[in-house]
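Labels for the chains are A, B, C, D and E, by order of writing; each one numbers its residues from 1.
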């Protein structure tokens, strides 16, 4: 009976590599062209004055606004000051979320009764629009950084917590059994086996969490802020400074991309084994 | 050489079913108890007047506010009117997002050059905080429903588009080959093979998209709205009507859960084959 | 590397089915995947398949069996050479060449009957006729009971039978199978082999059957091709000596046969030697 | 259902290793998974395993082989009965009972050396000693070169060897293996079998080896257990007649042996009959 | 976007809908709304009143074409004109006196403007109140950096006050009265600031396109405003009753608020101090220019146009000639 040569462990064919080797440049070229064409269109539309520069300032105006903000700052704060204020809020919020959500999530993943306690609350607040409960946060914690950071914290907490729970439950049972047979027990099990097993998932969750928190950044800076890149955009929009709005949006987009690259390279470095699949 | 009895097609063990059969009730009980305890704590704290009812109205006050809003509405609109206004905006936005993002995503999934054109734009705006570009939408499309719906549309578009692209690329090559060998070609391939193949992913993406759009609902109703459940919460917070804020938040949470249940049951009904794994 | 085995009769030197019509002519087919300067995957393949042949293709992993099948199916064009089916050049997949894959590859959103009807629907066959024919083919593979079930409710063997019914339902003149049973467990696999043998006897299709399993090739085929790798080419092409003589013998009998064991050993060493 | 096969010698009626010390005593072990009113998965298992035995366990899928192994490893407590290892009741997993799983189950974030050192680290063995011992065991399985690689950079067979080294490095008195090679391809599997046989000869551990593969059981074991299902019980327990006589014969020779083929056929029909 | 037109009374064309962006300020326009005067005048046309919290929001709405008429303070007007917003000023509603003021919390220990240093004062950025606060600080030689000025929309200032987030606020009515009710003291009013040159007022703006298409509608609306101002002056008591509903204040508070501004009727618009006439422009252009320049100096807005441009934005040709 049975296959003369088993096929289970086929060598990975080089086809995908062969494919990837040549083409990406073409597609990157297309992407780049698309961006350039969009830029030209922008320039054309704005220079033909088809639409008022209130709606669509020309690339030159935006660039000028950028230079001006670099030089003089925006309303009493340098550009780096604004960016720094926002990133600091984000960083503090994400850090607190990570060091609370992950251990709690890991414990909840191991003990279903604990999960049963926290689940209803997390599941309830998670889908809520952050601005809805921001009202309460402002009520409780005032208009200063505390409530802003809490808002970011809460939006980052849910994805980190939920992924931690899920990730622990996905740790192969055999891996834990195997580790106990090698003498691991108690805290060693958490530190040496469960945490590293979850790490790839946790980094992915961190990416999500940063994304979600980032998307509430402007909301957080809506209330009585005087610094922050989000506040800058909002303030500019109140005074119809569309050139500054554009500058702010572009900066925010670039920062988002950079943060993502950062986390991805951390994943690449710390969890090389998750790459292939 | 060769296994005497191949193990590839192991019957699915009944263990997980056996496990799930007994326990959930216990855990549901724990969850319910946790919610009840939290409710009691709320009641206790507010009735002991440890904190002012400005910050934490008692359950009774919230209930009274709820009844009042049910009876008299809130600021010229019935409760159902507010909920209806919000859900209508959400519904229109999601519908438009679905019928645009999905076909475009499917095409981009099939033709990489098309994907290369759209990718940089979607990837750039996706991580942006919606409030950042809301300023522009208001400027371009006014303060009425158009800009609100556009904001929701844009937040729903990205996840639907990205998943459609990804999902098409994940359709097994053999499935498409197989279909062509059965005579499918051109549009038939899209309608009978590719779309249904992607359907489970699309429904999952719809869940995400609704979640993301829902979380920007309050932001959308921030500017010049006079209806909508999000506006109600914002307006209440301006006048420190914490009881109304609580009512609004609870209603929003409940609606979110209901929408999610709805989509999940659609998935269950339309894509039963995705359940097991 | 050519091993002269006394029991093998070369197909080309002594045609087995001289009286049958030729279905497929593979003429000097070569294939190079991108980049073009790489060594060809298939090198000048010549091959004729005839009506009611069941040709098993054996060869080490990566020798190009699947690539050859994909060319015959019309999924990829050969870099050089042509494929003619019933006299016409074959350039794109169509329902005259049916394919059965390693994994059943059914459409999970369609019932089993829906899957079997799919090809006919594409051909524009009216619904009542479709239903009738689907029922016929489901009966042929013993799945009449499961007609209204969804694929995920079936076992691996049942799925693979449904896939075969689906392919046969478009009445292809040739059926290509790429290791169709290698994902099945031993017992199911054996019953599927019996099934295919019976179906073949009934329908008299020309079947090209890729397998890794020497036993399977010996038990099923009327003709065996052996391919070698780098570049992929057909190094042996012979009628299966167990076939014509033992049409009626069952598999267990065949397996106990001395000739079977000898052939098996010889083929195995032949393939492993690559 | 008990098939009397002349070539099988019952282990209990005629102890093979009367002179060796008993390592594991399984005493009237039964197991019922929740819910408790279901039929037991294991029913009153009695078993003694002795030093430097290599016991292969064969049985149909679902008969409880893995469950028995999990009880021996201490992962799940038996519903009734006890397991004693070296005289002491065994209740929780520890490094005296090593386990090798179907999938290598290495810790992907640790290098191969790190994996092998893991058990010693848990035992609190100081780093230099750990390094030394790890090197020794890696050498034993022929992986000295790969010490600093991460598991995902290794082939399936190498991973499985690393897993064996990792288990041996904690110096367990018994090693349990649950179909350790069933995910490997045929050629790798064969070389792993040779490896295990050599390791066993060198280390003289008591090994319990679960497999689906009759060939594997015949080639490797000194003793074979056959289990039946519903409820799981040991229906045959005999010394492998191919073993003692043929310690030095290589696998290919063994396979050609008439006795091998007969035993194989008989065991197969025995298992399939369930 | 302008709505399609329909034949109204007489031969003049009327749009189907007139959208008026208003703010809650105790002036003639609010009274016109309260008494439904516009609805009466434009019978058969849908009059849509849209409430705004500050002039900056009106500017955005004007820019996006969401409203036809709007009301803004002089600072947002100066900003709007400088940025070339598609509107012109057709009416000066009022000049602000005590109706906008700096209110500080009792017990915080702020007794004069100097005392605000190191404290948190809220106002709505870009508004008349913000302008007056900055002007007052400048007049007193206080560095604005020595206190924290927070941007909070008027309706939210009371909440911030009650939560204890702020120590004071420079804000208009009705919030001002409410703050006083909740333990606030008037420290300084816009009348004081105006006396030293920082004059603020509230003006009506209209879409340019709307004006050129429906000049008669604008003229008719001016007559509505004029009618409201006459009523405002003639029957302050009944006017305050009507206004109290819009303001959310008591009748007495409303009456007091009415006395804290100077409302202007149509005829007064042509006076030299205000709009002037086509051949003799008034001083309002200069006021806007000064306002704009100050805002630029404060970096609140980007740039200010020249006097001629401001004057061009003032439509003093729409008033009935006496």
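We adopt the following convention: a residue touches a chain if its C-beta (ideal position, glycine included) is under 8 Å from a C-beta of that chain, and two chains touch if they have at least 3 such contacts.
Here is each chain with its UniProt name: A, B = Taurine transport system permease protein; C, D = ABC-type nitrate/sulfonate/bicarbonate transport system ATPase subunit.
Since the model is a prediction, treat every value here as computed from it, not as a measurement.
**Student:** Going by the average position of its CA atoms, which chain sits the greatest distance from subunit A?
**Tutor:** Comparing chain centres, C lies farthest from subunit A.
**Student:** Which chain pair shares more contacting C-beta pairs: A-E, or A-D?
**Tutor:** More contacting C-beta pairs are found at A-D.
**Student:** By CA centroid distance, what chain is farthest from subunit D?
**Tutor:** For subunit D, the chain whose C-alpha mean is farthest off is E.
**Student:** Between subunit B and subunit C, what distance separates the C-alpha centroids? Give it in angstrom.
**Tutor:** Taking the average C-alpha coordinate of subunit B and of subunit C, the gap between them is 47 Å.
**Student:** From the mean C-alpha coordinate of subunit D to that of subunit E, what's the distance rounded to whole Å?
**Tutor:** The mean C-alpha positions of subunit D and subunit E differ by 88 Å.
**Student:** Could you put a whole-Å number on the gap between the CA centroids of subunit B and subunit E?
**Tutor:** Inter-chain centre distance comes to 42 Å.
**Student:** Would you give the residues of subunit A that are in contact with at least 2 other chains, written as numbers and ranges?
**Tutor:** Subunit A, residues with two or more chain partners: 1-7, 54-55, 138-139, 237, 240.
**Student:** Quick one: which residues in subunit E touch 2 or more of the other chains?
**Tutor:** 57, 60, 63, 163
**Student:** Give the residues of subunit D that touch two or more other chains, as numbers and ranges in rising order.
**Tutor:** 186, 189, 268, 272
**Student:** For a test of understanding, state which residues of subunit D touch subunit A in their complex under the given definition.
**Tutor:** Subunit D residues touching subunit A: 70, 73-75, 92-95, 97-99, 101, 103, 105, 107-109, 118-119, 122-123, 150-152, 155-156, 166-167, 170, 183-189, 268.
**Student:** Looking at the complex, which residues from subunit A come into contact with subunit B?
**Tutor:** 1-4, 6, 23, 26-28, 30-31, 34-35, 38, 54-55, 112-113, 115-121, 123-125, 127-133, 135-136, 138-140, 211, 214-219, 222, 230, 233-234, 236-237, 240, 242, 245, 248-249, 252-253, 256-257, 260
**Student:** Note which residues of subunit E are touching subunit B in the complex, please.
**Tutor:** 1, 50, 52, 57, 60-61, 63-66, 153, 155-156, 158-159, 162-163
**Student:** Subunit D touches which residues of subunit A in the complex?
**Tutor:** 1, 3-9, 172, 174-175, 177-184, 188, 192-193, 196-197, 199, 271-274, 276
**Student:** Hey, which residues of subunit B end up touching subunit E in the complex?
**Tutor:** Subunit B residues touching subunit E: 54, 138-144, 147, 223-224, 237-240.
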